[in-house]
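Pasting the structures in now, so scroll down.
After this come two complexes, each holding chain A, first together with chain B and then together with chain C.
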Partner chain A sequence: MDASLLIAQFMSGLSRGMMLFLLASGLSLIFGVMNILNFAHASLWLVGAYLCYSFWYLLQDYAFGMWVSIALAALALAVIGWIVEVILIRRVYERDLPEQLLLTYAMVLIIGDLIKVVWGVEDKLIARPPLVEGPVFVFGMPFDSYFIFVILVGFGVAIGLWWFLQKTRYGHIVRAAVYSREMVSALGIPIPRIYTGVFVLGLFIAGLAGAVQAPVGSITLGMDMAIIIQAFCVVVIGGFGSLLGTLVGSIIVGEVYAFSILFWPQGALVLIFIVTAVVLIIRPWGLFGTPMRA
Partner chain B sequence: MKKYGWLGLIFVSALLLPLLVGEFWIHVAVEILILGLFAVSFNMIFGYMGQLSFGHAAYYGVGAYATGLLMVKTSVPLPICLAASMIFAGLCALILGYFCVRLTGIYFAILTLAFGQLTYYIIFQWYSFTGGDDGLQGIIPPDLLFSANAYYYFTLIIVTGALFVMWLISKSPFGYTMQAIRENEERTRFIGINVRRYMLINFVIAGMFAGLAGGLWGPFNRSIAPDLCNWQQSGIPVFMTVIGGPLSFLGPMVGSVIYTFLMAFVTGFTEYWPLTIGLVIIFVVLYVPGGVLGLIAERVKVFRSKALEPAPDEYSDTGRS
Partner chain C sequence: MNSKYFRITLLVFSIILLCVLVNEGYALAAEPYHLGVDLAITGTGALYCKDGVDAIKLAVEEINAQGGFLGKHPIKLFIRDTHTKPDVAVREAKDLILRDKVRCILGTYSSACAVAIKPVAQEYKVLHIAAISNSENITKINFSPYTYQVVPNSYMQAKAVVLGVAELAKKKGWQEYVTIASDYEWGRSTQQSTVSLLNQVAPDLKLKKEFWPRLGETQFTSYITAIMGQKPDFVIGSLASKDNVAWMQQAKAYGFFDKIPYPGSLISVSELIVQAKTLSRGLVGLCRAPFFAHMDVPMMANLVKNFREKYERYPSDWAVMEYDAVYALKQGIEKAGSIDTEKVKDALKGMTIETTRGKLFFRNIDNQLSCSSYLGVVADDPNYPFPIYHDLIEIKGPDSWRPEAEIVDARSK
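Now for the complex of A and B:
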């Protein structure tokens, strides 16, 4: 086994991890702030992928249609997120965990069928955007340039979120809301509006993630079911509500998957769940999380 | 005693059911019984222990595979296969539950989910032993139970017996201890009860009965697949319990009747069953939080208080002053 294969596998794991990060960061943000575990996150992510397909289909005559489609898909999902939050999620803030989980699980079922109604059951294929179609050569080794693009988007979103949470006034309010809703509310800041904003932001990232995922393979029904549990694993490993944790958790899951494909293909997913279970048993609040509300 | 009279009436009508309906509805009835047993066993963890398991299908699936493999590869009689299902599912629940009962709330839910998916992928990938995603075909019940009606009566007897045993457990000091743990874990610990051990025993009992339900499924469906233990399957007892009502023993069974009947009915004319059940779940979560039985209990209470008590004095609400 030579080094170039290992490096190639590492890069593939990294891009897979970044893909998961794009999905899981919104999930983790929503859970950290709103204390709601959104089962439907990946279903909405899949809606983002399908929307990207539709926009691309309409704009395919234009040179940068694909880039525009990615942006439009993210924005459209932000709007959908706002509607879902106002109509449904808002009603269960005060409810118990099982009811919140069930509500978002029911959304998984509904969204899955709505996708079937709108886009049919055939797989959808999208061309890759210009500039990132072919391979790039790093030290003479070929890399899929789209993977590099995904990795850059992932780190870009990570840095953007970090900047938002650490350096802006709204970010400070959001972080304060993680620790004490009562205190933030007492300062005269409307908590419902913060929650809506966080949910919309989480879905904007999910839309971006779905659109970025779309050209990797074909878009198929049921993709959401497989990936949501892996996104949960990422969030659990990294720690709920921790941005750094989600980043590290994504890379761990991506790399574990990439390298077990090399050494023990059947065990790739098994291994991810073992890692998740071990983290939960030893450190339920995750590698970078803080033990907080039970 | 009136309550048990109702149960007797339901049991007698269940016995007479094959005289009234055709084979299709008998199959639906078997499904109601098996999934109802699965849901009632889930509710021992959810309703009585107060923890949400999102991986209960693992024990259902292990039970299904224990009976399925024994029936396909050996000639062990069915009752012994079902006993093996309970034992293997119970062993799995013992090993995995040992870790699960150390956590509560969201962490319990996610760890059970992770273990459920772990079980699913092991069965899915282990081609040489489980047949992988091809599943196991040709799980044929013995001649005596081959007809739909015979298998229905067999299932009815087993499920009724299992429900009776679980009901006895829920009414025993052990059952009340579980409810005490649900209400206040710390206080229960203070009175000298080993909370973790009690929770683990309960988890194992719930796993065993889920395994029994899984064991009954294979010969009924003639085949099994790894999907029987994935997280979507784990969602089914959660749905049934929430629809029926988690706070009464038979709530999940009522939920199973509603869920399975609705599924048989709706899939008759549309493929959009997930959409339908999704809307039902959202409606129940938002407007019927105690489930159907919870709603009935509340109405009965309101009715009785109206009938028996004098009209409430509007100034008696001293709590506010």
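Now for the complex of A and C:
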């Protein structure tokens, strides 16, 4: 088999993995810090995609329209995240998981209907600027230039999150809150404010992920449900709350999918679930998670 | 005395009878026709079904403006969302029948949904007209006399593609190909029909590999690189709606269509409109009911005019076919002289109807409408704000549908 084909397939797997990482990192962060399993995360991701479309629609005559729209969508979803956290999420911090799931699942249904009201049911399409419209060639094989941007954003977010969590005071507090909320609280640090900040950051990344996804194909209702399962596979493989685990899990899922398409096209999705099941059996807390979380 | 009592009794009975008849007559005149719609208003099929629903509403408005079916049965619409899921489609179909008492269900986007609701419609003796979903299995096997199809089925579309592709393969010396089709009822049946027909028409062509992205796939990059790595002479695709848009967008970004011919994929008027700016010109596409092919038919001209006035856009294939479905039902009811489902079902059998696509008929053996498939080259046109098909080839229904003997054979197995 041609080496350039393997490289092209690796690149497409990597781009798929980065798309998943952008979605799953916010999901994992929120769960890791706040212990909230946000089932509506992908629905909010979809709102990010629609917001990107709306901004792009207003700015489409400008060369920078799409790039600015992506940034604006991420910021707008962060604001939405703040409102959602204050009004809804903070009321279920102390509740059991089923109640949290019930609330966030209700949010899925509400967001779905709100999208219908605001944007209608028609598919939305964003025309890419010429810079990312055509292919680039990697070892002689064409590769969609937009996905170079996706990969860069993915690694950029990974590095940014790592820097934030490891190198900043606020990041240290967030990490400490993962292990002992009481201790952090005893130090006089307001936990609710930390949680709000983490939720807003998670939704900022979800908004960015949705906006980055928007120019890939058409934006339509139901996209969230199609991707959330794979996002959960990512965090299960990587370990809930682990940034490195989410990154590695995303790349594993992306590459397994890409290479199974090459060698066993019928079994692409099945293989992802097999990998997830194997990890769950052997290491229930994921590759990079901690047993405490499990 | 007896005579007097007899006359009074007769008078009273006559008055009662008159009251009953008048009341009955009034009731009949006012009885609305409950028409169910089971379409994918959200999810993968929303791109197509929005147009379908709008066209149904338009047709209903037009008919109701004349008093409804037979001039006295105003149509009452009940619209449900299948979410492109067979279990939801069945649940909604049952609800439409049992709660809303519909006499006919128009649908569906997904062939899997159509196949799922067919036995439900048959069980409850309700008409079912498939106007978007087009797997030939909807009418070929497990035949239901209550199910009619007004869209060229997957075999007819495959045959149309095959005839065009075989011609091109001969001309260009193509030898190997791969297929990419959505992994569900329609994608599978269309791909299988195409491959099987190509084997018959051009036995030298070799199928190298099959790709089956799941329905609702958003990222095709791995498929694109894998297909390009196969270096086929051409690719045949059976993708629809949102999946098709995503595929076309992403494949174009890879320069796919410049390197590998992709003839005969489904590029309906919806894709022509939605991807007006981005669609590769020169692609050889397939569609089911392009309005611009029949602007000489008064009914089509009327639909385009009214649809544009009402919705400020052109009707897609899906709008055209759902509109035809309502008018097929209207003509069936007129022929039957009644809204009774059994009579309408019998009236539609083998009936020739006026449609936006001209005069067409339902084939007796499978209730399939003799509608055409269309192949053409995507090109800009000064008359429209989106590309349309040039060099349009119309492959008539009777030239492309499966021979009756094969249907009989399939049913006997």
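Quick note on the criterion: the second predicted complex is superposed on the first by the 286 of 294 C-alpha atoms of A that agree within 3 Å, B and C clash if a C-alpha of one lies under 4 Å from a C-alpha of the other, contacts with A are read in each partner's own complex, and residues count from 1 in each chain.
As a convention for this text, contacts are C-beta pairs under 8 Å (C-beta built on N, C-alpha and C of every residue); 3 or more make two chains touch, one makes a residue touch a chain.
Keep in mind the model is a prediction, meaning the values are calculated, not measured.
Student: Identify the partner contact of A:Pro142: answer first if only chain B is touched, second if only chain C is, both if each is, neither if none is.
Tutor: second
Student: Once the shared chain is lined up, is A:Val157 touching chain B (first), chain C (second), both, or neither of them?
Tutor: The answer is neither, since A:Val157 touches no partner chain.
Student: Output check: A:Ile229 vs chain B and chain C. Expected answer is one of first, second, both, neither. What do you get?
Tutor: So A:Ile229 only meets chain B here.
Student: Kindly classify A:Gly112 by the partners it touches after superposition: chain B alone (first), chain C alone (second), both, or neither?
Tutor: Touch partners of A:Gly112: chain B and chain C.
Student: Give one of first, second, both or neither to describe whether A:Leu269 is in contact with chain B, with chain C, with both, or with none.
Tutor: In the superposition, A:Leu269 contacts both chain B and chain C.
Student: Any idea whether chain B or chain C touches more of chain A?
Tutor: C
Student: Jot down the residues of chain A that show up as touching in both complexes, chain B in one and chain C in the other.
Tutor: 112, 116, 266, 269
Student: Across the complex, what residues on chain A touch chain B?
Tutor: 37, 88, 91-92, 95, 97-99, 101-103, 105-110, 112-114, 116-117, 225, 229, 232-233, 236, 266-267, 269-270, 273-274, 276-277, 280-281, 284, 294
Student: Name, in rising order, each residue of chain A that touches chain C in their complex.
Tutor: Interface residues on the chain A side: 1-2, 5, 8-9, 11-13, 15-16, 19, 112, 116, 120-123, 125, 127-128, 132-135, 141-147, 213, 216-218, 220-223, 226-227, 257-258, 261-262, 265-266, 268-269.
Student: Name, in rising order, each residue of chain B that touches chain A in their complex.
Tutor: 46, 52, 54, 99, 102-107, 109-111, 113-115, 117-118, 121-122, 125, 231-232, 235, 238-239, 242, 272, 274-275, 277-279, 281-282, 285-286, 289
Student: Note which residues of chain C are touching chain A in the complex, please.
Tutor: Interface residues on chain C, with respect to chain A: 41-44, 46-47, 50, 83-84, 209-212, 214, 216-226, 228-229, 241-242, 245-247, 249-250, 253-256, 259, 274-275, 277-278.
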